[in-house]
Amino acid sequence: MTGPTQADAVQADPAPAAPLLELTGIGKNYGHVLALRDVDLVVEAGAISCVLGDNGAGKSTLIKVVAGLHPHDAGSYRISGEEVRLSSPRQALDRGIATVYQDLAVVPLMPVWRNFFLGSELQRGRGATARLDVPAMRATAREALLRMGIDLRDVDQPIGTLSGGERQCTAIARAVHFGAKVLVLDEPTAALGVKQSGVVLKYVASARDQGLGVVLITHNPHHAHLVGDRFLLLKRGRTAGSHTRAEITLEQLTAEMAGGSELAELSHELRRAGVLRSLGERPPDPPGPPGRPA
Amino acid sequence: MTGPDLLAAGEDERLAPRSGVRRLMGRPELGALVGAAAVFLFFAVVTSTFITAGALGTVLYSASTIGIMAVPVALLMIGGEFDLSAGVLVTTAALASSMVSYQFTAVTWVGVAVSLLVTLGIGLFNGWVLTRTRLPSFIVTLGTFLMLTGANLGVTKLVDGTVATKSIADMQGYRSCAWLFAGSFTVGGLTVRATVWWWLGLVLAASWILLRTRFGNWIFAVGGDADAARAVGVPVGRTRIALYLGVGLCAWILGQHLLFSFDTVQSGEGVGNELIYIVAAVIGGCLITGGYGSAAGSALGAAIFGMTSKGIVYAQWDPDWFKFFLGAMLLLATLLNSWVRRRAERG
Amino acid sequence: MRRPLPFAAALAAALLLSGCSSTGGLRAEEAARSSAAAGGGSGVGTPRWTFAMVTHAGSGDSFWDTVRKGSEQAAAKDNITFVYSNDANTANQVQLVQAAVDQKVDGLIVTLAKGDAMKDVLARAEAAGIPVISINSGEQYAAKFGALTHVGQDESTAGKAAGAELRQRGRKNVLCVIHEQGNVGQEQRCNGAKADFGGPLQVLYVNGTDLPDAKAAIAAKLQADPSVDTVLTLSAPLAATALQAVTEAGRAGGSTETDTFDLSSQVVAGLQAGTVGFAVDQQPYLQGYEGVDLLWLYKYNLNVLGGGSPVATGPQILTRKDAPALAQYVARGTR
């Protein structure tokens, strides 16, 4: 596989003319079921677009369209201004769209470094002598994880032995390393506890700070409001609201979502844990160099 | 430790490097290695014949005829699939080679080449049907197994008039083929058959592919979690098809060996061997659910099989008990493996 | 050619372990062994030789159990350590023979059902100076591969004997049941029967490892073709199955007759009751017994029975009048 190299990510234009992703009036049917109808989504470099909605609202369908698993049936899908119709995840990957699914797309029994490079293995030699560059892959995997703030002394351990948060972060680090321009995260905090959710959100912010556009799918308005720049609310496959960060407060966002009041506690928890110091009150403009959280 | 201070202190222990012992415990071959050593020592002590050169040659040969097929079957199992047609495919390979050579009065090499095309074709068919239909490989290859069992008998009877092929021992090219597939040489009384070299070569090649190539990485990934592999761009379908082609290739090698060491082929044979190959792979540490295992382990599994089957003869025991021992070993090996997996997956 | 019986492996093992109360052969052997150990000897003055027998039998086959009993009896008499092994798979049988050669046994008894495959390994036995006797099937290969002699039954001859008997009995339409598709010996039996019977004889293939299925197949054929008045089976367990199939097809008590190769207590009971017309016996006990005894004679005195020509143990046609005398021997598992 010839995925973009890490250099591409660093050199990625921080302010392209067109948004990285622009979906307009997207519709998707499964047989006679309308899974998605007339949905707009914009993703810009160095910004996080949150997609919110309850179960069955169409979040997964939208992700599948963005990630190339299913082609859309209506509307237009533009990547950096170019109209596309993706029919395989490979096509999306080649265009710099990396998706981290809920199940993380990691193979539990395989070592961390093998998982990290899965599908984009480094090789030495050509033709029949082509072989994995194991030392380089080990070193690179450890380094890339370190850059995201994950310190694994042993990248040979099966990834299944890592905690949920660590696995999530490894998957994000993988996407960032392979030069993703757009990171699509499917419910990254759904299965995690409060502290681990905080860690993951921090890495999401870290990816954003490195200039990536992020699509964050969640049903948790608190998590969304902590890091999001744009908010798209879905209900039964349709747009129920679309806001920029300036237009909406957490309370309004929560109110628009059905029942989320008990999550207010989480906000306090996060605040106490110190995540908000670095996440909540960030500068209005995306910073140029990758910001390392303290 | 530069990790975020948010990580709970309890996670330090997980980040600690694993000790050498635990690393060894994580190897899929461990169970088989211990088992093979135990079986070897046992028969070396119990019988006087077992550690003579002649007996070792026979045991090695016996192991190699299982091991040659256990290698691709192990790879396939690591890739998360089964091939129940592997046993009769060997017979098909031998039959195809023999009949083509005889019926067209061709140099035996022609039959050998056609046979390779046939086995690769069947492997391709298995893999392709599996990929296209997404049926479980158990069902797909069970179908191929039954079809091949019938076709082996039917075609042989149609072509040769009997259920065994005619001898090709007097045909041109036979000697060179026999040298390559069924030859042997003797070093210090130890007779090493050609299959042993084929076997060793296959184990080394498969180990290299598994551990040091991109394709090997894909095999683990496809067996460990096919959806995850697909999501990161691994060509899951092509990987599976390639694994079935591997089974075809090795069935071809073993089929040619059977033909050129016995001159004729009984068309009804091979049934049941597919399970023996799977047993060897499982004893060798392959998980039945895929994603874990090794080629070297399959070789150890085949060696255990060879040592046990012949050791019982050297010990002059009642061979009726052979399957009992085999079953007990399979159970022990599987228990050990599942314990290892639980330990590895614990997270 | 013999067929594997669908007995569960556990059952086979249990039978071997416990030994039926009526197995005089085993008891006699044990008695002989203990007397040999006590210094009484086994009646011969030769040293204790080791003979190995390697057959192409599947596991748990009563036919081969009878062969083994014969061998064990002879071994006990001749002061022989008798080692038996078997595998239905050609390559595995060859490896077992090789293992016996590795052990430098004093004599080797093999079946040559798979013919050519045995050539190389028997040459190695010859090179190692091990005398070989072949039994059961593979008569045509025996001399070629250097066997001293062959003890068994020629399958074509046996088939022809059955065919002649069928004709003599005035059977009209025969169904020959092959229960091991791909077994040359079974084909030879049916072909031989067809040749000497002269009348219509059809072949039915059934699965010998699944007797209920075989029963259903035979019954269906009988129902579909009323003109079939004789079922010829090629083994004793299949004869018992065919008898049930005849009942199932509603032909019991009529003129439909089952004939078979080989004996079992059910076959003998059938002979007595008249449901089985005749049985073609090849005397498996004798094959096992003579295999060991002829090897002993060769080792002791360089005797070769038949001067190297095959020694026939069959076909022997057994009918109703033979049944009463046979019953007790069949019951103890030596016929």
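Should a chain be cited, it is by its letter among A, B and C, assigned in written order, with residues numbered from 1 in that chain.
The rule is short, and it goes like this: a residue touches a chain if its C-beta (ideal position, glycine included) is under 8 Å from a C-beta of that chain, and two chains touch if they have at least 3 such contacts.
Note that the structure is predicted; figures quoted are calculated from it, not measured.
Asker: Starting from the Cα centroid of chain C, hunt down the chain whose centroid lies farthest away.
Answerer: Result for max centroid distance from chain C is chain A.
Asker: State the pair of chains with the top count of C-beta pairs in contact.
Answerer: A-B
Asker: Round to the nearest whole Å and give the separation of the Cα centres of chain A and chain C.
Answerer: Inter-chain centre distance comes to 73 Å.
Asker: For chain A versus chain B, what separation do you get between their C-alpha means, in angstrom?
Answerer: Chain centroid spacing, chain A to chain B, equals 42 Å.
Asker: What whole-number Å value describes the gap between the mean CA coordinates of chain B and chain C?
Answerer: That pair's centroid distance is 35 Å.
Asker: Residues of chain B touching chain A in their complex?
Answerer: Listed in rising order, the residues of chain B that touch chain A are 1-4, 6-8, 11, 14-18, 23, 26, 208, 212-214, 216-218, 220-221, 224-225, 227-234, 287, 291-292, 341, 344-347.
Asker: Name, in rising order, each residue of chain B that touches chain C in their complex.
Answerer: Its residues touching chain C are 49, 52, 54-55, 57-58, 61-62, 65, 152-153, 162-164, 167, 169, 258, 261-264, 266-269, 272-273, 309-310, 312-314, 316, 318-321, 323-324.
Asker: Report the residues of chain A in contact with chain B in the complex, numbered from low to high.
Answerer: So the residues of chain A in touch with chain B come to 1, 3, 89-90, 93, 99, 101, 103-110, 114, 117-121, 123, 130-132, 134, 146, 149-154, 156-158, 160-164, 166-167, 195, 198-199, 202, 273-275, 293.
Asker: Where on chain C is chain B touching in the complex?
Answerer: Checking each residue of chain C against chain B gives 9, 12-13, 16, 50, 59-60, 81, 83-87, 89-92, 94-96, 98-103, 114-117, 119-120, 180-184, 187.
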